[in-house]
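Down below is the structure, laid out as structure tokens.
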Amino acid sequence: MSLDILYFAWVRERIGLPRETVQTQAATVSDLVAELTAREARYEAAFQDLSALRVAVDQELTEFDAPLAGAREVAFFPPMTGG
Amino acid sequence: MSLDILYFAWVRERIGLPRETVQTQAATVSDLVAELTAREARYEAAFQDLSALRVAVDQELTEFDAPLAGAREVAFFPPMTGG
Amino acid sequence: MEVRVQAGPFDIGAEISRFTEGRTDMGAIVTFSGLVRDSAAGDLRHMEIEHYPAMTAPAIEKIAAEAVSRWSLGDAMVIHRHGRLAPGEQIMMVATAAPHRADAFAAAEFLMDYLKSRAPFWKKEVTAEGAAWVAAKDEDEAALTRW
Amino acid sequence: MEVRVQAGPFDIGAEISRFTEGRTDMGAIVTFSGLVRDSAAGDLRHMEIEHYPAMTAPAIEKIAAEAVSRWSLGDAMVIHRHGRLAPGEQIMMVATAAPHRADAFAAAEFLMDYLKSRAPFWKKEVTAEGAAWVAAKDEDEAALTRW
């Protein structure tokens, strides 16, 4: 499937781009992270500590074990600091 | 001694005046209340339930057993409803 | 710290601007404003607020000083009106400024709880049925015990 | 219920006026506004706020709807800015309107706690020393457990 992946804040800076489209068969967010991490050091740098990251699938906050079936957009970012 | 006595809200309405000056030897607020109550029915009507009243001596909230030595102004009123 | 007791209206936006102007050390501003609420029957003509002029500002200043001493506040302000007010009109406002939001919120709630029951104001509601003094609520007195 | 996410400034006084205009059923209005706070060293040049456009407004609307369902509120509003902001500038505001003050305060605090940790904004501080992302605080995450 084709997935849009978005990166925000320092995740975006480490990976070096705000968004990309990937072709993947990843079943869960964790599988997707593993695929990306295997690609290049910059992904490894961004994903090295998942406890410091948050993920949203189709604009809803979720967990790393969330399934990706039917998903169109996945976003990775650090804990939010709004307000 | 000469004391200014002030009345607010429904205490003022029952007694029929906002302030008056009295000559009194009352030692405490309670003594003063007893003196006033003995004067006329309108004072009795205002002071019949002291638990529904508050008192300030020289603009400081206090209790009915507070001494009046040196006091210049005593105010009687219902519980406040500001804000 | 500013305390004002006045008959006339105030402009809450202008007050907030003035309160925060030129400050870059405060991250959190909390305001409360109290409005004249219509009766359940919708027949409130106006509210009359009586106060004790010699005591009002000193009593509020004491409450505000207590707030500033209990929380990490940059500043606090209180404006309270008296006299005749129509439904929907602003009765009063408090504002607190603090580096962090928890202090600003707690201090504003503290100020409101004390103003309700310890500042010498009395409200009378005038409706088609006549005039009635607003009774103090037990819950307002009880609210003080949390501080 | 109104939620706005915008780059430009807002006029808190005008927002409060609009929020309360014509209402006579609300006795209590609480506002919170967040300002850009300078660094301890006083060398903050500006703050940059990044957000996730497709998610931001829906996430805030969900939080605001939750507040309206949990407390007896007449209305709630949230404005949050993004982009570059100078020290002292307003970052965001929330306002709540309720018949009684306890609901207005609780709902405003709830909104702030959730906006801090659940709305997709990220702050970066740019000082003479360079740029650094603001780290989320454990206490902000912990604040959510009280609701």
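As written, the chains take the letters A, B, C and D, and residue 1 is the first residue of each chain.
Basically, a contact is a pair of C-beta atoms (placed from the backbone, for glycine too) under 8 Å apart; a residue touches a chain by one contact, two chains touch by 3 or more.
Chains and their UniProt names: A, B = Molybdopterin synthase sulfur carrier subunit; C, D = Molybdopterin synthase catalytic subunit.
Quick caveat, the model's predicted, so the values are computed rather than measured.
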**OP:** Identify the chains in contact with chain A as well as chain D, in label order.
**Re:** none
**OP:** Give, as an integer number of Å, the spacing between the C-alpha centres of chain C and chain A.
**Re:** 48
**OP:** Report the inter-chain centroid distance for chain C and chain D in whole angstrom, where each centroid is the mean of the CA atoms.
**Re:** 22
Original post:
Whole-Å distance, chain B centre to chain C centre, using C-alpha means?
Top reply: 26
Original post:
Which chain C residues touch at least two other chains?
Top reply: 34, 101, 112
**OP:** Mark out which residues of chain A touch at least two other chains, giving numbers and ranges.
**Re:** 83
Original post:
Using the touch rule from the top of the page, what pairs of chains touch, sorted by label?
Top reply: A-D, B-C, C-D
Original post:
For chain C, which residues count as touching chain D in their complex?
Top reply: 11-14, 16-17, 20, 22-38, 44, 87-88, 99, 101-102, 104-105, 108-109, 112, 143
Subject >> chain B residues within the chain C interface of the complex >> reply: 6, 8-10, 12, 56, 59-61, 73, 75, 77-83
Original post:
Any idea which chain D residues touch chain A in the complex?
Top reply: 34, 49-52, 54-55, 58-59, 80, 91-92, 112, 115-124, 133-136, 141
